[in-house]
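Letters are used for the chains, namely A, B, C and D, taken in the order the chains are written, and counting of residues starts over at 1 for each.
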Amino acid sequence: MGEFTLPISISFGHCDPAAIVFYPNYFRWFDRCFHTFLAERAGGHKAICAELGAKGIGLIDVKANFPSPAVEGDEMSLVLSIEKWSDKTLTLGYEGKVGDRVVVSGSEIRGLFIQKDGRMRAGEMAPLRALLDPAS
Amino acid sequence: MGEFTLPISISFGHCDPAAIVFYPNYFRWFDRCFHTFLAERAGGHKAICAELGAKGIGLIDVKANFPSPAVEGDEMSLVLSIEKWSDKTLTLGYEGKVGDRVVVSGSEIRGLFIQKDGRMRAGEMAPLRALLDPAS
Amino acid sequence: MGEFTLPISISFGHCDPAAIVFYPNYFRWFDRCFHTFLAERAGGHKAICAELGAKGIGLIDVKANFPSPAVEGDEMSLVLSIEKWSDKTLTLGYEGKVGDRVVVSGSEIRGLFIQKDGRMRAGEMAPLRALLDPAS
Amino acid sequence: MGEFTLPISISFGHCDPAAIVFYPNYFRWFDRCFHTFLAERAGGHKAICAELGAKGIGLIDVKANFPSPAVEGDEMSLVLSIEKWSDKTLTLGYEGKVGDRVVVSGSEIRGLFIQKDGRMRAGEMAPLRALLDPAS
């Protein structure tokens, strides 16, 4: 069950000399999809960090696989799903499809970074969950 | 009179530590705007190059100025205009606005690169003009 | 035992509004490290593909984690290691350090993409291994 | 007379499906060259801004032309020159060469952005000039 879909039109400049998407771009789109989701749900990263006293909702771990290449002119739908809330982490799933064809599938684990007593610490997820996923 | 408008949602990852758009991104958007315009008008860069026997519609010269910063959450409208057809070059204008505020204004000069007798040459613009701008 | 080290000077433009490296950049550096390794060992991606009749040494799967943030001014050493040769895949490990501090640790699984009978197929790794890692 | 040279190894991922450098990358390199120059001369952008009470040394205007393409494997030398100090702007010249061949030539006009009375203003260049170019 996807939470949010970001449409991406694959352009010439997203592709490399093999004429397929240069892979780091997929992670730019993962990140953009997450931030757009934050904007739609709770006013965006900046407002959420201000409310929760956090420095950022930062990345701890990420992975992806690429079952099929995407090329210039492809219209990709990138779907974000909330996979799991843990005490101090949130796991997000991503699937990008061109029509019925999966071109990227991956996940991010993110934490809430809070500056406290001069050190950066991992914050509790509960207040972020209440903002983003209140029905869960 | 703009020919084509590309909407851009400014995201966290487009911005630098000063929290404004990292300027090379504007040129990625200029290029994407041009390629999307090609797709809408005449089937895209690849199809046009195949039809005209060209290797690319490449950049010769570019410039931009930045009257006002754009930040995370801004919705920018990037408008492409055909400014001038010369014998062997096409000049494109770009203006990006957030609401009524201009955040970027610039132009690109592009040529048609054609491989001939083992050398790259600048091709005539007339056939490209017939495809992209037939009423002009 | 690392095979190749790429030095990266973290610059202002690599960082996001949280003033730490925008994470997709780490994957641009993984990819650049791999291609630079190919150039040092066997003449580069293009020459290797020509010799092996391949379209590319493309990515199948990638992952990374980020134990500590990197910021503007940091000098990162990115070390590539060959982790495993399988029949049709190569696994590469990456570790990026700023001094003794690990800022990124990850891996890529790559395959040899070969066009045959109108389809893209995964090629055997043996000839690539002979070029890149003859002593193994 | 160049002030600073940044070597750039053109990699696969810097290039587009036409197998030449995707042009926005040149501006990432202009910006990186400038920031590296700041680091070498006066401790970097962050330290300079702290000393001068500025928010950034930001871009006002930029232009470039591309006399010849650069491709994967090219070693480019990017030379920054201080072209002109005005009261409230600094003009920087850039020239990128692969061997004797010029692949990019351009310039940036930058200003010192200072927050004052709730507004962003252009600061005087004299204190920046004293830090970066004391002999001029």
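Throughout what follows, a residue touches a chain if its C-beta (ideal position, glycine included) is under 8 Å from a C-beta of that chain, and two chains touch if they have at least 3 such contacts.
Computed from a predicted structure; not experimentally measured.
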{"item": "Of B-D and A-D, whichever chain pair has more C-beta contact pairs", "value": "B-D"}
{"item": "Greatest separation from chain B - chain, by CA centre", "value": "C"}
{"item": "Inter-chain centre distance, chain B versus chain D - centres from mean C-alpha coordinates, in Å", "value": "23"}
{"item": "Between chain B and chain A, distance of the C-alpha-averaged centres to the nearest whole Å", "value": "28"}
{"item": "Centre-of-Cα separation between chain D and chain A, whole angstrom", "value": "32"}
{"item": "For chain C, residues contacting two or more additional chains", "value": "12-13, 22, 24, 28, 31, 72"}
{"item": "Chain-level touch network, classified as line, ring, star, complete or other", "value": "complete"}
{"item": "Residues of chain D touching chain A in the complex", "value": "12-13, 15-17, 19, 22, 24, 72"}
{"item": "Touching residues (chain side chain B, partner chain D) in the complex", "value": "18, 20, 22-25, 27-28, 31, 55-56, 58-66, 69"}
{"item": "Residues of chain C defined as touching chain D within the complex", "value": "9, 11-13, 28, 31-32, 35-36, 39, 44-46, 72-73"}
